[in-house]
Amino acid sequence: MKISARNQLKGTVVDVVKGATTSHVRIDIGGGVVVTAAITNEAVDDLHLAKGQPAIAVIKSSDVLVAID
Amino acid sequence: MKISARNQLKGTVVDVVKGATTSHVRIDIGGGVVVTAAITNEAVDDLHLAKGQPAIAVIKSSDVLVAID
Amino acid sequence: MKISARNQLKGTVVDVVKGATTSHVRIDIGGGVVVTAAITNEAVDDLHLAKGQPAIAVIKSSDVLVAID
Amino acid sequence: MKISARNQLKGTVVDVVKGATTSHVRIDIGGGVVVTAAITNEAVDDLHLAKGQPAIAVIKSSDVLVAID
Amino acid sequence: MKISARNQLKGTVVDVVKGATTSHVRIDIGGGVVVTAAITNEAVDDLHLAKGQPAIAVIKSSDVLVAID
Amino acid sequence: MKISARNQLKGTVVDVVKGATTSHVRIDIGGGVVVTAAITNEAVDDLHLAKGQPAIAVIKSSDVLVAID
């Protein structure tokens, strides 16, 4: 599968915290940067996401804001 | 200002392409990774975004999907 | 690639309308239902999206609202 | 009420799973396709969403990604 | 139609700026606050949105970030 | 920090309800309007969000739908 999202950041799962319905998955994409994704518990199970696994943070361009200091 | 978004990726603006109402801003966050943001032309003007400027890509956790190869 | 999004609706591209920076891609998912996606022109080029091509509309659960009549 | 979202998929609620603050509502839109929505518990209560009820999955075009196999 | 979105801000359309595919609709919700929506040109036509018309800005809770000064 | 989001609605936190991983923060923006944000528990802790505190609801234009009665 190839997807339209312009942002596909490769990394490694740091941890997975499951909530009642929503999980937080943190992915280390290198350079000291960790990206947090909030996805369904079902998705975590379906992709067998777990600490140490390679994973890609996928983000649509229209969901990226820009800030300046 | 401090914002709730878990993902705040610091970098440098690589280029800004203005459309009729929507601009694409690309931010180099290091390690060979460039993030694309689709924001309004007004926001580009308001923040004076231009090539070479420091900028932060801000992404809410609930807008991050996870993929595996 | 396998992605976390719970909603992956298979269909066929009906048409692609390119704007200055944003394209509208319409995908017929069967049963008389056509889904519209607004994505970057770059993504359209990258995936070679064109009328008649098989495609999948991918939607994160947290982006789905529910309405009743 | 009439809403701007280009995607309004009519169906029937298959199940509702309530979490601590977030519920998952699954809507069968026909043709073997079930759409999952992650909405607040308050919205589920407010709309009296329950299995068997007619419901519409509403999705903004800018929240639809496109994938190809 | 009744929709799950927790945020439904009633106001009056201040202006509509059409782009190639994306329009910007600004809605005055009172108290000196104007909300900007980026929606498809098709939606603007479909809802006959124009300056002076009553309209509601609809926002899903999961799309609201929180900032502090 | 200055952010690209066109919608930055100033108000006061009315209440914070923490779930397992997701919190609901309600912000009174005046004129009888309360905006609900669904953000991570970590963000609530990080910003020390609590009842009575000044806060800003930040919303990207592409996340605003428009409805008419």
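All chains are identified by letter, namely A, B, C, D, E and F, in their written order; residue positions are counted from 1 within each chain.
Operating definition for what follows: a contact is a pair of C-beta atoms (placed from the backbone, for glycine too) under 8 Å apart; a residue touches a chain by one contact, two chains touch by 3 or more.
Fair warning: this is a prediction, and the values are worked out from it, not measured in the lab.
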Considered without chain D, the complex falls into one piece
Counting a repeat as over half of the contact pairs in common, which of A-C, E-F or B-E repeats D-F? B-E
How many angstrom lie between the centres of chain C and chain D, each centre taken as the mean Cα position? 17
Distance from the CA centroid of chain B to that of chain C, rounded to the nearest Å? 23
Taking each chain's centre as its mean C-alpha position, how far apart are chain B and chain F in Å? 21
Counting only residues that touch at least 2 other chains, which ones in chain D make the list? 1-6, 19-22, 24, 36-40, 42-43, 47, 56, 58, 60-63, 65-69
Chain A residues within the chain B interface of the complex: 3, 5-9, 24-25, 27, 29-31, 33, 35-39, 43, 47, 49, 53-69
Touching chain F in the complex: which residues of chain B? 1-6, 37-40, 42-44, 46-47, 56, 58, 60-62
Residue ranges of chain F in contact with chain D within the complex: 17-24, 36, 38, 62-63, 65-69
Residues of chain C touching chain B in the complex: 1-5, 19-22, 40, 42, 60, 62
